[in-house]
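My questions will all concern the structure given below.
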């Protein structure tokens, strides 16, 4: 198998974007060593079913210093390697499952960022007590099930949890956050904001109980932010 | 509308200062992604009423890597865009309200810096238990009301809280800090110091109660620092 | 004594690797000032007993800015200096003891990284409540005995503790972590991951009890990760 | 007054060292904005009384980006400015008092580093529960009195506290740490290690009580470290 000729250019562009976005993960302190991964869906506009879409993702076990566009790997949505010198990330099956089952998702990010993972270790959702959290997440950040790597359990847990939430982030139990977005950049932003609010609410909770925000205010902030903020959709 | 010709030079200089000061926010860990904003008042010396003053502020939803002087936007004190390729920050109305109602304020900064925002989430003022806090804030850092974005609520909450305090920083409930200064640099310094003391007092409190500082000592430290410290006013 | 001629090339290559790996310690926040050290075993393939193996290690009390390949020092496995302008690290005896008694260990790292050292100060093992911890450590990170520097106490405590554990990291009581690996890079990775999980589990514990992970799940994750992950052994 | 001709060269060399050492303070996260200062004594070998010694220190209220050798200022040991375009740090009187009363001290550092200042806010000494703390501090880090700036109170509090302790660091109540050393570099190292152990012991304490270290072991570690460690005295 290989990348179809009519997708070569969009795959090449996605390799550049995905490689560059990986640099945001250590920049914001979300990963150490080779942990964490960003992927982006490459839509095959000639196949309306979405079944021919591809994904570009980080190779397994490679240092963040070596993540050039050429080092990225390309898989189909079953997670099979189409192009790349190295094995795809061991989390590729989870990314692929999300792309297969959530057609509007264009980017997926997985990290073990510290504060989000700490909430995940207690299997406790992050409560929505900040206006920026209402803006970005529209409510709490939910906990997904405990799932082992190796089959579709992680992917299924992500999709089921996110389908019943406004949040673009899910904290998989004892594991860490997965985030989604319209493209890889939006999913990276969600990963950055997820850690930021997980950290801020953690710190607020250390010295007492944060003051709750009324659900109607959460709804109002979320509605406004999703419609008004930013210059372009892609920059959200 | 556009920038009046007689203000073109001072606006250009303010663009340079405001763009450069934005780099201090990620440098001191006060912001992630596109959050946070700095503005500066441009005084129209030909109109003693202050009604013709302008403000220079960050555009909405733009990465800190792209904040050149040209990217800054210029508004009047009703928050209407006069010059700029992008929309002004969604917090512009709050900045403008402060400039309209506090004539001596020349700079405003807003962030969601972690420790300050954590105190804001509990709606608990930061008590003055450090000499550096007495120097800079003259007492506790107060909590402002909970206010939704979209009208003058945030601006009014900032102004009412700061008018009854020596502190150049207010923690808006469940939201985050706004700081003011004689110019943008002073407001940025207040934002940096606000997070620093919010963090230090938080950490002190984690293992017990900080030892209080007598009000007379706070007064004495504040009076001295405001009069003696630094080489120039603008470097405070 | 000096480096035998037939080992000159492999020693030179190890100097380059060990010098470069030292840069990872401040990069990941594991050390301040001149604390911490990385060593690598140089195998003498002409002596199957291992008794002629050497080790390359950081000199004592030298700034991380000055750690060039030439600055590294070479010792035999009794810790005696064979080549180098400076004294070997004061922890060399502990490294040498590990190499003498664990023939498969090719790299050793010692730091005082903050969170790992905090668990060590309480003499409390880090419980295995994260999937990434099951992957990398196969269970808890154990506590070694309290031992003074100056004889074989530290080395013996490291070896005895690690022999009864899957973990490549041991937290020496009131002192800090020592980690091992197949080579120096693997030992540095273990030091980075040790601090990461020590920090994440600490933060999880601050607000309650993490949810335990079943031993069978820990076993399954550990077995898979040791066999599958990464492109090459050396990148683990 | 001006710098005597016979000291011009040693003053010039001290300016270079002191300017460079200031860069270590933000590098290790000990200061924000213009806070903190390093000074070094310049010994006048022609006056055995020490009364003609000078000190080189940071100017007041200047950004760390602007701390060139030329920007440093020179004072006598009464804190009077001898050479420099700017006012000396507002903490100069405290530095000068230390140099006048502790003849073997060649360097002084003052910061508001977060964890050390948090212990200072509770007026609680940092207990000696780490081997690295025994090495460097020989016991607990003591608390000095609460003292206002403006006369000799701070300097006297520093000297009285340090004279009854092995520690090169004192935490002035509700204020922050002052550290001393044989030269400015040693005082900077003490400031870095003071924050490091204040932070590590804080974190250890958050989840329970650290295991105490026997006084005889503290004594043994301290004696060894002060005599053996490092390549040269000056690198301690």
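Which chain is which? They are A, B, C and D, in the order written, and residues in each are numbered from 1.
Rule of thumb we're sticking to: a contact is a pair of C-beta atoms (placed from the backbone, for glycine too) under 8 Å apart; a residue touches a chain by one contact, two chains touch by 3 or more.
Computed from a prediction, not measured in an experiment: that's the story for all the values here.
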Any chain in contact with subunit A as well as subunit C: none
Inter-copy rotation, subunit C to subunit D, in degrees (Cα atoms; steps of 5): 90
Separation of subunit A from subunit B, taking each centre as the mean of its C-alpha atoms, in whole Å: 33
Between subunit D and subunit A, distance of the C-alpha-averaged centres to the nearest whole Å: 46
Subunit A, residues touching no fewer than two other chains: 206
Contacting residues of subunit B [partner subunit D, same complex]: 28, 129-132, 189, 192-193, 196, 199-201, 203-204, 206-211, 213, 217, 220-221, 224, 228-232, 235-236
Touching residues (chain side subunit C, partner subunit D) in the complex: 32-35, 59-63, 86-87, 90, 112, 114-115, 117-119, 121-124, 146, 148-150, 173-176, 202, 205-206
